[in-house]
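Shared between the two complexes below is chain A, which has chain B as its partner in the first and chain C in the second.
Here is the complex of A and B:
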């Protein structure tokens, strides 16, 4: 009996300790999330709202800009995340080789982009990708292209520029996770494989990748979430309009425009926000499914 | 089943030389054990043979072919690591068969070789487990199995048993001895456990500071160490060393006085004649002390600590001069609490070393 009473008192003490954090979390996270769910069923402009049931969801299916934003976001996700993950893996493996000279320098150089200021880097990239910018000049100088590429006037190249920019910025961030994981792998595993005649590509494919699987899964999910929320780069490169002609508009940018740029349509923009949540949920679930240990589940 | 030859093999890391010129001939089918204190270069030497470390100087030949610059996988060797180095995400079966896939071995052949190795090592019931579901001893057996399936000419072991508890270590030691008998391959084994060295080896190589101190059969090293280092290193508990001075040198004998043991004198047979008055060291193994008056000289000692192991007893004794002696006596188990003791030493069981640690014979 005494033991049970003590337990309850311990519990109360425990809850008391985390109560301040819980209250703040509830107030600034849980309440807005629940409220936004409620909002997503409201229709109307500005403050003039009324309950609309599934009207917003119906509107989604007929909204060409939303469908455009959804398509663009998926394009960024499908193209950019795999490229970045593979690059980060390759960099990590290369930088983990103890015979490589200037490892620290390379490591820092590749990691640095993700701690630079967003505005600074997008401004620099914008000027680099300008029609008379350094990238066009360089490509023309080596005769790869005859005429300057309209990076921000051509729908295709605009997407390419944004993918290049976010890949530049986030590859090093993912690489650090892989490097940390690689450094925890017993070196003699690779030495044993070398002695046994396992070729380098097979050591990468059949040893490194399976051993890094949990980290790869983690970075993939994180990158998926990041890409689905892609906003800053597009906003800065296209002066906030996702141009040319909505070819780079993302879901997040559309939400922003719906809320703050056009006649505010809070209910509908909340609905679009929830689309991101649902898509992230589905994609993460799929990724966990794919990465699941097949032998164990069989 | 290849023989190995090392000729003036050297290894430097930058300006630090860790292997300082080693000559060694290892016969086919021989079980050779490298022993030596921590940091003496045992692992480095083994890794150079394996091809994991570049050889800075000298020649390495395996089966009569120079192997200095040959890829590790083409040297006909297999290595077992202290950390087991198993592939954590693969089953025991996959661990053993993995490398064979890249050697162009057919699937059925891989299965056959894995089954054969599993039989030899009694791993059959474990074939579908992953390493984390195995005990330390089982993991080490898998690591050995992974080496066996490749049919190597030479097995290399780097302290394979040092992560196991004492009981398992004895068990695995016997397993390895049995394996050597069954496979009849050359084996090179690194350890700093001298019981492993004494029991497994055909030949022991004692290393110190990147140099070979002595090469020989286990009992040869025990009975006839060529210097004070080997005398102290082989044998457990280690040999007692007592400071001594040459007081008389006759024809074929020399008499020394144990300067820190009350100038007790003992006469030993000796062909080399050290100068009278020179400092020497007398070595006596703990198990070679006898009952009082049963030897050639008697020592009176005070007992600090007595350890009774059942079969035998170790006495840690001193003579008040800072020289501590370890005395092993089987019959002393009944004489607990005895403070002082007289023991004898025999000339036949004593070793004499000169100032530089070389054996005087």
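Here is the complex of A and C:
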């Protein structure tokens, strides 16, 4: 086994293989992260910074735009991630059936959105969501709505449009992870369950879900991180302002605006970015807890 | 689950199955629903691509009125696009950045993945664990210091600034380490007995054997770089250095965007990733399987 003690030469070779990556990560990731943590306690404009202790954290609690951005980011996260994960699971299970015809075609079609850039697809969606555009036209044709929706002038519908767009872009991506994991599951378990007369939904609930739990956890954490960093789509949909009236502004967009749009306040924007770190940390931890609890009770 | 509830479940399940198999139409209906669901999903997934291509042939005024059939404005849209965008230069920027970044990322991250897996030691395992923790730190948390670093080094608005921070990717290192677990150790042992040095084993044994892993990683990394937005938006500041992604976004932000022209550009920007995906599709799924195992 590779666990056997390495001799001196192997030790040196081992370090040599990982050294380029470690140097680059140290320089362009760890150093900036530590720096931004330090920066988050600095106050002032531009490069004129001085130590402000907890001043930035106090400022967070009284900053309406920050609170708005935090709320919006949570809304996107709570609504979008579960919808996407459930849809991806559903498609993966349906496509895992080897008797299904046109499997390859369906799989390719559903995965296709992942090849587009976030900017390209949000541009396409923006043109589809125009007030007299194809989406409103289609919804009116099937009498789901009576009058056109102002997708980007109404705070509620602007959020809906963004959630629809993100779901379109990422569902197939998550589905591929589930498909891959499903193909690793031993088919004989399903056969045995079927012969014992276990119905399809129960096979799904008591066989598929528990066996996919690690992958579901993985995709949930990845999607959580992705949603909390939401930037490109909102920036492109709203021409960079998170409108109408901040109703779609996200934490990342606010950090960008604080740093590069207004008079730069590096310290305060670093504080906001650490809010994302803390939230991601808490949510990932909670997701791990939930996954572990379920395993214990099962 | 206790044996009694198991028995109960099985019993009630058996009656249900009896009903279902007794009535073949029920199974047919379920089948039909599955096809319907998948067809709707496939349609929704593909429609925006159709819309993009059709839009490139229509004038902007028709597009925002929902016209979804081919029009006659393709040449006008192309002419407007090429008049407003220095396309050769912009696509060169995108391609150069994506190709160099992909090559460097694959080289550096596969070396590290191999190193972490083949030469395990307690210190390196700790470092690896730390890297996995860092994976969850969002880019926003480092972008301000990164920008200050590059502006102090007078590298803002250069390719170097776009490429360097992306080449050591923790995700790709992790991916290669996972894939290396499936690399047959007999091959390495045999090569060692033949007197090959470790770098020779990596280059002449590992690399050819792992080519589908590299293919999959190529797709993931190339697409990420070609489509990268936030960091290039920050460091590329003059028009002639921007990537196609940045230009498209700038065109869309106009007060009244010319969608015909923009969708024409979007088609051009999406083609490279589409082509790569269709060429390497099977490899891609193989590679993904390797990563999840």
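Here is the rule we go by: the second predicted complex is superposed on the first by the 277 of 298 C-alpha atoms of A that agree within 3 Å, B and C clash if a C-alpha of one lies under 4 Å from a C-alpha of the other, contacts with A are read in each partner's own complex, and residues count from 1 in each chain.
Basically, a contact is a pair of C-beta atoms (placed from the backbone, for glycine too) under 8 Å apart; a residue touches a chain by one contact, two chains touch by 3 or more.
On a predicted model such as this, the values are computed, not experimentally measured, just so you know.
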| item | value |
| --- | --- |
| First (chain B), second (chain C), both or neither touched by A:109 | second |
| Which superposed partner A:61 touches (first chain B, second chain C, both, neither) | neither |
| Partner chain(s) touched by A:199 [first = chain B, second = chain C, both, neither] | both |
| Contacts of A:191 with chain B and chain C, given as first, second, both or neither | first |
| Which superposed partner A:273 touches (first chain B, second chain C, both, neither) | second |
| First, second, both or neither for A:207, with chain B first and chain C second | first |
| Chain B or chain C, by number of chain A residues touched | C |
| Shared chain A surface residues [contacts with chain B and with chain C] | 196-199, 202 |
| Contact footprint of chain C on chain A as seen in their complex | 2-3, 6, 10-11, 13-18, 20-22, 24-25, 28-33, 35-36, 39, 87, 90-91, 94-95, 97, 100, 105-106, 108-128, 130-138, 168, 171-172, 176-177, 180-181, 183-184, 196-199, 202, 215, 221, 225, 228-229, 231-232, 235-236, 239-240, 251-252, 255-256, 259-260, 266, 269-270, 272-274, 276-277, 280-281, 284 |
| For the chain A and chain B complex, residues of the former touching the latter | 186, 188-189, 191-199, 202, 206-207, 210-211, 213, 295 |
| Complex interface listing, chain C residues touching chain A | 9-10, 13-14, 16-17, 20, 34, 37-39, 41-42, 44-46, 48-49, 51-52, 55, 63-66, 68, 108-109, 111-112, 114-121, 124, 127, 131, 134, 136-149, 164-165, 167-168, 170, 173, 185, 198, 202, 223, 226-227, 229-230, 234, 245-246, 248-249, 252-253, 257, 259, 262-263, 266, 269-270, 273-274, 277, 281, 285, 288-289, 291-293 |
| Contacting residues of chain B [partner chain A, same complex] | 50-52, 72-74, 77-79, 81-83, 85-89, 91, 98-99, 102-103, 143, 146, 150 |
